[in-house]
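Heads up, the next two complexes both have chain A, just with different partners, chain B and then chain C.
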Partner chain A sequence: MPKNPSTSTSEPSAVAQTGAKESRRGLSRRLLLTSAGAGTAGLAVGALAHAGLAGRSHAATVVDTVEFYGAHQAGITTAAQDRMHTAAFDVTSDDREALISMLRSWTDAIAAMTQGQQVGADDPAAGSYDAPPSDTGEAADLSAANLSVTIGFGRSLFIGNHGKARFGLDGKLPDALIELPHFSGDQIEEGRSDGDIVVQACADDPQVAVHAIRNLSRLGFGTVRVRWSQTGFGRTSKTTRAQQTPRNLFGFKDGTANLLADNKELLDQHVWVGKDSTDQPWMAGGSYMVTRRIRMHVETWDRSALREQENVVGRVKSTGAPLSGGDEFSEPDFAMAGSAGPVIPADSHVAVVHPSQHDGVQMLRRGFNYVDGSDGLGRLDAGLFFIAFVIDARTHYVPLQEAMSSKDAMSEYLRHTSSGLYAILPGISQGQYLGQQLFDS
Partner chain B sequence: MPKNPSTSTSEPSAVAQTGAKESRRGLSRRLLLTSAGAGTAGLAVGALAHAGLAGRSHAATVVDTVEFYGAHQAGITTAAQDRMHTAAFDVTSDDREALISMLRSWTDAIAAMTQGQQVGADDPAAGSYDAPPSDTGEAADLSAANLSVTIGFGRSLFIGNHGKARFGLDGKLPDALIELPHFSGDQIEEGRSDGDIVVQACADDPQVAVHAIRNLSRLGFGTVRVRWSQTGFGRTSKTTRAQQTPRNLFGFKDGTANLLADNKELLDQHVWVGKDSTDQPWMAGGSYMVTRRIRMHVETWDRSALREQENVVGRVKSTGAPLSGGDEFSEPDFAMAGSAGPVIPADSHVAVVHPSQHDGVQMLRRGFNYVDGSDGLGRLDAGLFFIAFVIDARTHYVPLQEAMSSKDAMSEYLRHTSSGLYAILPGISQGQYLGQQLFDS
Partner chain C sequence: MKKLLAPAALFSLGALVLSGCTDNNVSAASDGSINVVATDDSCTVSTDNAPGGTLKFNVKNEGSKINEFYLLADDGLRIVGEVENVGPGVSRDLVVLAPEGSYFAACKPGMVGDGIRSAFTVTAAADGQQVSADRATLQKTATDQYTAYVKDQAEQLLRGTKDFAEAFAAGDEKTAKQLYASTRMHWERIEPVAESFGDLDPILDAREADLAEGDQFTGWHRAEKDLWAPEKYTKMTEKQRQEIADGMVENTQKLYDRTLKLSFTPDQLANGAKSLLDEVATGKVTGEEETFSHTDLWDFQANMEGAKIAYQDLKPLLEGTDDKLDAQLEKNFTSLQGQLDQYRDGDGFKYYDELSTKQVQELAAGVDALSEPLSKLTAAVIK
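Now for the complex of A and B:
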């Protein structure tokens, strides 16, 4: 199952007239920061660069903002951005009102940052020399870079160590927010797993994603603390991005068979929690996010023959086609016979995880590659930070992972080092705060 | 001094006709991998995307390759790419010929990868099903993304633990390849420091940089092992890159006063080792690379008042102008008096590191921001992976770092956690291998 990154297709609207962004809401990041100074036309930079290349005489700028408000949070069906910074926080306070207050400030900050604006631009003290700046500043001058921020709650937010409800959330824990079981071969590090609140920030610019996590962390000071934090990279050069399925660190195309983000019927069936599919009405419009940090033993992989690699994956390395033939998007023919058993081995990754083996369940995968230095044993600490959004992990993740960990030949080259399951909050409309459906319920 | 990233100005040539790259040398990465399959016109993807935007009828493609051969290695004065993966290796073999043989294979691989080609495309066994692929494959379909790979040797390559020369390199250690001293406040982690060989890979696509390090590591199997590895990010969205000085994780513009990469006279004075400036003729055309992983205490910084932040840096946060006035590129006026001492405090970063305080020495800084998860104490492990290229660290780095660590108010917010100094090899011409000047000398 570790497929990366998703091949969602709904790109944000691409081109509009200069100034569209500025009109949205008050000061842009750049305008705020340059109000004391140079005040050059920063927002038009992209426009001018493109105009230069294109020989256009009228400046147009790329709109790279993702809508924040809506029935669902952004960052799920949003076209996968290039970079990810995901962090989990533990709430250090027992105070329900403090938690709600933080969620309100987070909501305001996310609404601003995703539109390319400074955090706290509305704050009268924002420019005071005697106060810390309301925005940490490292994303000033940068565009929104398609930033999306997606918030979810872990099981531990609802139930404390001794089984006692926290924050007055008695009876609000969804049945589906289970503790994920131990899977064969797991080597889970607790310090990289779980957590009360997860925040997935994705953007085409790493500094913008990092800026988002950092500013939420800053706003949460005294209420939450970072439990773990992971950066990742996905897509590729802009020059080759639109046409290609990305390759994972095993060198194979990955994400070919992913659930497409514009297929509403399949999303309702496999991703979005509906009123009728949950015991907790507050979850309607939400989803569940599975995170698994999957170390890939690239050194071992790199020393295995091409034949072995293709048999493990069940696809041709160069083209991504199933071993049964066709092209990248052809359906695998698991019945096709070869000289020694099926052409696509039964223990190949594609055979083990194919929806036909799992009652047709699908997930929306949205993982990112990671490289976290080396491991002290002369090997790179690299792999996939697996992220999937599903309607219910009990039906849509656990059986697949059980099959993979016990049957998939690829497991030999993988090690799962973290695990997380989070209830992704429903989207909100203007005036609401993230989590309001829960706390008002 | 930690300034990041450099503002070098010599961009690689920008636009040329489709096919320019393919003509260079044999098979391109994409063509090799698709030779068994789809065979679509991968190299034209960027061209088509741009043409679509521009409404051009003739396809033109962005050439994003950096020249490998030359008097100096690439990756020093090369315009700073967006992403970095730097690794240090220790040589596990005692065999001089094995080391040279590896350097030859590295040279071939770097020559190929920097031109967007597969490693080992010339190898007759490259496509064999019974051998490991000669290229790990994850950069297939990707362009060269301005990849540069820069190789340097650490002091430990020349001298073993007991002071004995290694690899027959008696008398070849340059005087300038010192052990860096301990600086006040240093908390150096040995496992992230030093190493026999350093490899700096930079590209606009993280997967391309990672691919380079990984393939060199694979080629070096049995001869070297990874000692440490660090990823980083620099620049910013393409839409805002050309015009802006990037901001560091303190939110300040950083690199304004950096040595410009197109100033030949200053480079010869401060960066390139010349025949007359070294005791080791084989170093002519080389340089010295200083690496320091500088953890930034962003949480503490974020809680300090804007006034404190600006006094520590000596510049206006929004514009980057010195506190003495003007704009980002104005010279600081350290004599200008304020109500309580100089307007630019004497212990501000800009005052402590200014060339006027250091006999006019300058360095070519080329650092990258990093975020390596969190530290287990609820804080982000984030900061600057400082890289500087200098003609001699004894004159061009040590005095500045001594001043910073003892006088600079910014030091309170920083912690140096790694340290490295490497002799950067001179460039080579076709037919030579990296390091040949040393081993032939």
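Now for the complex of A and C:
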């Protein structure tokens, strides 16, 4: 631990600016890890570059790395980053040991990448000139950008096509890892759905997120193949109080009522699987991740009157306040009478999905906008890559989506094109590999 | 009438005068709109007069109750314009086209009672512009015409459904196939009205993908699948066909009975026209509506006709007030019809799966071109 944050922050600001400018080129990735304190990233980098310091970084001293080890995986309550690249993999090998060995190598790679280091050797280009570098290299000059990588297992990892257990995982499939049902209006594309393993990489720099998925895919060749992958931008929810509620592609604030990282009690109640809340002890500390690629008909939405838009959402577009008044954080008053029925229409999004309509059930949403080019008919293939972390999708997702698909006026502007449910592995401590609790159980 | 006016009007005039002396003064906005600040017991309008033409009131609810704002004619009864459901802390605009005359501005906190009223005078239009005094009459004519159209289409739909159901139940596939697309056109012309019956719409018009697990697949698209059966499909038995046919007739009868009781407002016509084009954009031009029969262009034609009828009924409300929008709509309706006419084949159209990608793209662009100005119709006709 050669860094000394207090020294770095005391450097003059001229150095800081030089450092910031240089941060995209010239400096090694490792040096970039060493910024200290919010808003002083450039300063610290400059200082350290100057001092010629190097070495392993420590998460506590840096501003844009996310701790990898812990009771829970990162990327769930972590302050929502701005970019996402999520991929699902199918395991092509039948060999349990090969799978475990890949998970070990993934664990090492994730531990390195989330700390802003490259995959493999300290200097990936220092190997044989006649061998490919161990790291693909596109993130070499970039900081960790708050990269988090979160891994989960799909139902199909446990059970094969004919109902036979895979990888010796007989009896290890959690009851809660169900097959999500077909909801009204679903147009699910199989090739974008499900998968044996999901990997969610989030970062504030898209190149860092893509780099993570790309390098894990590479390490997985021969054991897994990419089933689908999805990039996203512009987080559509917030997970900490300090973050502003962002807007989704409908132009509305999204995630006002989201579960926040600092509410431990609610997280234990709605997100984290506890020892007593699962039939599978290996899941303790894990969660369940629902993914839905939701195409938004943005063109027809954009043509609808503001009145229609606000009645569909149940909130004021400009402020995010519920139509019953107040500000963004005012509780919606579903009983307040309007000229024809409640002022917040009963089929508005907020009325249909509000926790008060679902026995207080809450989700930790962590979705991203996506635009995958256009659809060939002159419209954007755009929407929301919905991600939610819940303690049990049977109680915390299925009933809400059933209500939404059948009652929510917003459904008319939406089309679900993918679906996935994954058991998010518990966090690990140094020396363990991701998934170890399952394979050791 | 008198009872409505007297106490409230007096009270609010008093309030208005008083509020003018306080720091609660409400000034006119720089964009020419008239500011209205409503509380639970006051209604402060930034001015008590404006020149004739398009007036824009910006209504801010600073109270704790839900509020409404009205511009009433000089009889204190006829509503010239209104904005409803203004929640506490929320601002809403009212845009209204008002000729010279005497009016009342009124807030209605809690949406009960006569409201807090004050006199409002519209003076002669500044530039000698004529503002028609009978927009209410024009609006009524428009909605009456459209109501009659909906009833007529519902009646033809019912008649056509009976014929179709008979042929389908009897296993006369040739006749059933012939009647399928042309009968559905009556449904598609008034689709937003039909869909407004949330219980009947899924029974009659749900596509298979629209259903949730456990839902029964019935109605037009159930019959469609049986008539244009996909591979590995097991045909329905005579008894099953009879059940589907009976259900279609029974529920279409209900739909018809209900349309007899319907009446419409101008914004419903305009929004309905827009949503008909949305239907084309999301369901027909993509070929998703008629998965098995591929008769999407019939639906396309019918959706567009329904939208055009609504537009034509509303047209007099655009004349002299938004001629530009009128001209744009006229042109784009004609041009989209021209595009669709290229695919006419006998009494009907080519099947969707006979169109090339390029042809579909052209149609989609035509739909977008019409949809965009059509989305501006509501605001233009309700003022």
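We take it that the second predicted complex is superposed on the first by the 365 of 441 C-alpha atoms of A that agree within 3 Å, B and C clash if a C-alpha of one lies under 4 Å from a C-alpha of the other, contacts with A are read in each partner's own complex, and residues count from 1 in each chain.
Rule of thumb we're sticking to: a contact is a pair of C-beta atoms (placed from the backbone, for glycine too) under 8 Å apart; a residue touches a chain by one contact, two chains touch by 3 or more.
Since this is a predicted model, take the numbers as computed values, not measurements.
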| item | value |
| --- | --- |
| First (chain B), second (chain C), both or neither touched by A:Asp327 | both |
| Per-residue contact with chain A, leading partner among chain C and chain B | B |
| Which of chain B and chain C A:Glu402 touches, first, second, both or neither | second |
| Touched partner set for A:Ala337, first chain B, second chain C, both or neither | second |
| Contacts of A:Ser184 with chain B and chain C, given as first, second, both or neither | second |
| Which of chain B and chain C A:Arg303 touches, first, second, both or neither | both |
| First, second, both or neither for A:Ser441, with chain B first and chain C second | neither |
| First (chain B), second (chain C), both or neither touched by A:Ser356 | neither |
| Residues on chain A lying within both footprints (that of chain B and that of chain C) | 299, 303-305, 316, 319, 321, 327, 376, 378-379 |
| Residue ranges of chain B touching chain A (in the complex, touch as defined) | 15, 33-38, 42, 45-46, 49-50, 53-56, 61-62, 64, 83, 85, 87, 127-133, 135-143, 145, 191-192, 204-208, 210, 213-214, 217-218, 221, 225-231, 233, 236-240, 242-244, 246-252, 298-299, 301-307, 309-310, 316-319, 321, 327-328, 369, 371-374, 376, 378-382 |
| Touch list for chain A against partner chain C, complex | 181-187, 297, 299-300, 303-305, 308, 316, 319, 321-327, 330, 336-339, 343, 376-379, 402, 405-406 |
| Chain C to chain A touching residues, read off their complex | 61, 64, 66, 68, 84-85, 87-90, 111, 209-213, 215, 271, 274, 278, 281-282, 285-286, 357, 360-361, 364-365, 368, 371-372, 374-375, 378-379 |
